[in-house]
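Okay, so chain A shows up in both of these, paired with chain B first and chain C after.
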Partner chain A sequence: MIVKVNNLVKRYKELIALDHFNMEVKEGEILGLLGPNGCGKTTAINCILSLLNFDKGEIEIFGEKMTPNSYNIKRDIGLVPQEVSVLHNLTVKENIDYFCGLYIEDKNLRKQYVEEAIEFVGLKDYIKFYPKKLSGGLKRRLNIACGIAHKPRLIFLDEPTVAVDAQSRNFILDGIKKLNQEGSTIIYTTHYLEEAEMLCKRIIIMDNGKNLVSGTNEELKAMITTTEKIVVGFSEIDNNKVKKLEDIPQVIDIEKRQDDYIIKFENGLNNLSNLLDFIKENNLTYTKLYSQLPTLNDVFLELTGKELRD
Partner chain B sequence: MKNLFRNCLYIGRNSYRDKSFLFWVLIYPLILAMFFYIAFSGVMDMELKNIDVGISSESSIEFVLKEVEFLNIYKLPEHEVKERLQNEEIEGFIDDDLNLFVKKSGIRQTIIKEILDQIKQMDSLNVPIENFDFDVDYILDKNQKADTIIIVFYSLIAMVSAYGIFPGIEVTSFIQANLSNIGQRVNITPLKKIDFLLSGTIVSLVLNLLANGLLIGFMKYVLKLDLFTEIKYSLIFILIGNLFGIALGIFIGVSSKQNENVKTILGIVTVLILSFFSGMMSPDIKIMMDQKLPIMGKLNPISIITNNLYKVNLLGNTQNTLEGIIILCIYCMVLSLISYGVLRRKSYDSI
Partner chain C sequence: MTVYKYFIKVALKNKGVILSYTILFFILSVINGSTNTQRETNFTESKLDIGIIDNSNSQLSRGLVNYLEKNNNIISTKSDEKYIKEQIFLQIADGVIVIPENFEDKVINKEKAVEIYKDDRKIETYQIQNQINKFILFANATYEDGKFKLWNVNDALDEKVDVNLVISDNNINQRINNWFKTYFNFTSYIILAIYISVIGFVMIEFTDEEIEKRRKISSIKFLKFNQQMYLGQLTIAGFQTLVFILGSIILKGKYIGEVDFFKYVFNTIVFSFSALCFVFLVNNITSNRFVISGISTVLSLGTSFISGVLVPQEILGEKVLTIAKFFPTYYFVKINETNIKSFLDVKYELFMQILFAMAFLLVGLYFSKAKQKQ
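And then the complex of A and B:
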């Protein structure tokens, strides 16, 4: 294990920010910390990095106890904080060179790493720009470059795509995959479930400072009752027939959302054909009909009773 | 060492490209100097004439005072003293117990007080007063204009020396994870906080000394004010003033979690209040403070710098400079020790 967190408790006066939080990260994986805003993701990262005091628990990185004085461990860590954290009166290249130089003393190697980081985040055309002249997305890329230029073994990315346009977001996500392919272990916090699904080999779902469940995308989805959702829109349907929808085999819940019905099934076999048979038997016409596999949002919903997007 | 140099280089670049820094530290003092120069230009032309001092007929220091070329000494009977002072025929009267009586405050009265203080000191040290060489001490011997307003310019230089407060505040924000976003990044690097603090202090000192140099150069070559005759002591006070400013800035920086803007305002207010009482807005304030609350003049760091710059350059008096240097050094040490105690904390309760 490259990171091991055991029973971490962090209190802010009365508020329990981390409640016996546990986490294990294997070398070479992308681990997603998924949860709504305020669930304790950033607090967990700050405790792991010894930026924050904590009340209880043990933290090990690279097999050693992590403390504020663990300078050898810090040498192999990169942090991309949630907020853009760069020097505003240094240019793009100077910023990357400055932060890289705090880790890499060899001038030639540093030069090479800086060039590679610039290339990696796609800021080659902006090296002489000051951060304030960059768009939000480009600033985020610079923030990432400053955290990864020294090629760390372990990278913490704290919601790096918040308030970023779609183009930059895809660029960043592709970059993170590439970093992982190049050998870095990544801990990625997000409240965007699509990102976690797309990027992470393993995911820990957090709420109220606790890790609710952890596993691969598939393992998490297998933990819940709902296995398929079918969204259907009818041109016309009365209440009796809506009620009869519940009699279709395996239906566990029906939710009306605007003009559509979301029918949840507990077993993924023949659900669509059973629904089509029902439509035919009841002389109904549908305006839309499609099947959805459960998402991480469904996992979160079933575990907490609330939507992740809330 | 290599890291220290790199850190200084980049932190320095980041600071000198900061437009607000350039304005407040480099430009604003020049504007103030120009403003004071224009506002007081009428007064500036005033030459100090010989100072009329009354003494009692039995005065034990008559022979000493007569050695001071620019003093006109008058032996007066007690009943005439009040009238002469009222009519401004004399600037001050020294009685047998070496008490000074004046009708109003001003540069002439301050000079009399300075001379009297020196005589008292020598007396208390049992140094024969006749050994004292007044020829090297006071204004007219040096053909120096005794401009009352010069206090204002010394005070301005003292204020700029204390401007180290601003980079001091900035450097604490830079290295504290609970004060800035960049502090979080800095705190997970393999470099110790003290390395960043040292780099920040060096950069602050260099840039602030540059600001001092620019102001002094502007006064000398543009305003044609010849303020410095005693370079060694002046440099010492300017240097310690800078260190005091940085130490105070770091202290303000670490003392609370308020944002940098609030702390900068606090820094500005602190420097302005201290400068005000040291006579930057009017020399009369300094004279009034010296009379009513002399302890303030001894403790106010800007006053210490102003007074000593004034004394060593205008009066040529290098006595008691050590006292000022020691007090400023104590300030620096106390502020630095408290700040170090706070900065030594490695992780935070909240970010």
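And then the complex of A and C:
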């Protein structure tokens, strides 16, 4: 295990930010830390990195106890904070050089690393720009470069795609995959489900400072009863027939969203054909009909009773 | 030395602030120098604007008033210390003389007979002192059988003397000394303003919460990081102080031998250290740009006003001076204003500046620790 967090408790007076939080990260994986805003993701990272004191628990990184003075451990850690954290009076290149310099003393090695980081985040054309002249997406890339230039083995990325355009987001996500392929272990916090599904080999879902569940994407989806959702838009349907929908075998729940009905099914082989039979028997016509597999949002919804992005 | 290198780089981004203060300072110094350090080559007694309050109204006091009237312009004044000081400050009067009720007794007993309000920085004030001393000396000499022989006094005072001004290179030129006093007094204002704003602004950037996060999880040791930060501050402060010291050499270098130049330099270095410690305190109290900007302006100007940089300490009220004593600027100015034989003469003022520096450091450290705990 590259990171081991055991029974972590962090309180802010009466508020329990982390409630016996546990986490294990294997070398070479991308672990997604998922949860709604305020669920304790950033607090957990800050505690793991010794940026915050905690009330109880044990944290080990690279097999050693993590403390504020664990400089040997810190040498191999990179952090990309949620906020763009750069010096506004330094250029792009100077910023990367400064933050890399907090780890790497050798001038030549640092020069090489800085060049590589600039190349990696695609900021070669902007090296003499000051951060305020960069777009939101480019600032995010600079933020990442400052956190990874020293080639850490373990990288913490705290919601690195917040408020960026689609193009920059894809660039960032591809970059994270590439970092992982190059051997870095990544802990990725987000409340964007699609990102977690796309990137992470393993996911921990947090809520109210606790880890609700953890596992691979598939393992998590297998934990819930809903295995299929069929979205159907009827041309016309009365309330009696809507009620009758519930009698279709394997139906768990029906939700009306605007003009569409989302019909949730338990695991079954004939869910779609059963629904089509019902439509035929009741002389109904439909404008759209498609099947969806459960998402992480369904996992979260079923576990907590609320939407992930509440 | 990456931290040091980038500290200096960010500090130099504030060169606008540094240059504007420095240029303003040198312009004022050049203007001051062009009027203040011309050597005396002749001597003429000029008529001064004097206010007189005669509380004695005796034969002797009237004699003194008549004598002063002959040689000066008498202007109206009020028996109100505040009003008198305002007249001196605004240069409406070169001096105001208050003659006490028991003036005659004081002259007879050879006590301090009159109260003179004057601006000690002005050479003209010595003329007032001289005229009064002369009158009292002669009056005292003519006192016999309980009476002053005023006609004898007037005769003696009317005697004319041919004056030959002997110019000696060994004499300390009062005006040059005054220029150095004014120049170095004024550096305290500029030093404090530049240190607080420039170093303060740089520190805001480096100690930003999110930037600090990155520093804290990095492998650079806290001590090493701080060493480089403080070295950066020391470099900026040292360079700025050196500019002002060199400035005095460039502007009035040929007169350095005539004044106690080392006193000014040493005092400026001690004050700079004290100011740097104050900046350390400010940086540990706030990281708000507007607050730092405010402190820089208000404190540098405020302490300059109350400590005698812009207005001589002699003119300032006791209450103001009492407040000024809580700031190192007061002691810095005091040393500049004192003619010393050795530094032992101003040991208390030097000690106070260093004491302030230590106090700023300790309180700053306290806030620094408190911040870290948070």
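Rule of thumb we're sticking to: the second predicted complex is superposed on the first by the 309 of 310 C-alpha atoms of A that agree within 3 Å, B and C clash if a C-alpha of one lies under 4 Å from a C-alpha of the other, contacts with A are read in each partner's own complex, and residues count from 1 in each chain.
The criterion applied here is as follows: a residue touches a chain if its C-beta (ideal position, glycine included) is under 8 Å from a C-beta of that chain, and two chains touch if they have at least 3 such contacts.
It should be emphasised that the depicted structure is a prediction, and the values quoted were computed from it without experimental measurement.
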Fit or clash - chain C, chain B, common chain A
clash
Going by the contact rule set out at the top, does A:E218 touch chain B (first), chain C (second), both, or neither?
neither
Just chain B (first), just chain C (second), both, or neither: which does A:L49 touch?
both
For A:Y12, decide between first (touching chain B), second (touching chain C), both and neither.
first
After the superposition on A, what does A:R75 contact: first (chain B), second (chain C), both or neither?
both
Between chain B and chain C, whom does A:E236 touch in the aligned arrangement: first, second, both, or neither?
neither
For A:E281, decide between first (touching chain B), second (touching chain C), both and neither.
neither
Note: overlapping chain A surface for chain B and chain C spans 46, 49-51, 68, 71-72, 74-75, 77, 79, 81, 83, 85-90, 94, 98-99, 101-103, 105, 146-147
Across the complex, what residues on chain B touch chain A?
2-3, 6, 10, 13-15, 17-18, 177, 180-182, 184-185, 187-192, 346-351
Chain C contacts chain A in the complex at 2-3, 6, 9-10, 13, 205-206, 208, 210-211, 213-221, 225
Quick one: which bits of chain A touch chain B in the complex? Just the residue numbers, please.
12, 46, 49-53, 67-69, 71-72, 74-75, 77, 79, 81, 83-90, 94, 98-99, 101-103, 105, 146-147
Inside the complex, what are the residues of chain A that reach chain C?
46, 49-51, 68, 71-72, 74-75, 77, 79, 81, 83, 85-90, 94, 97-99, 101-103, 105, 110, 146-147
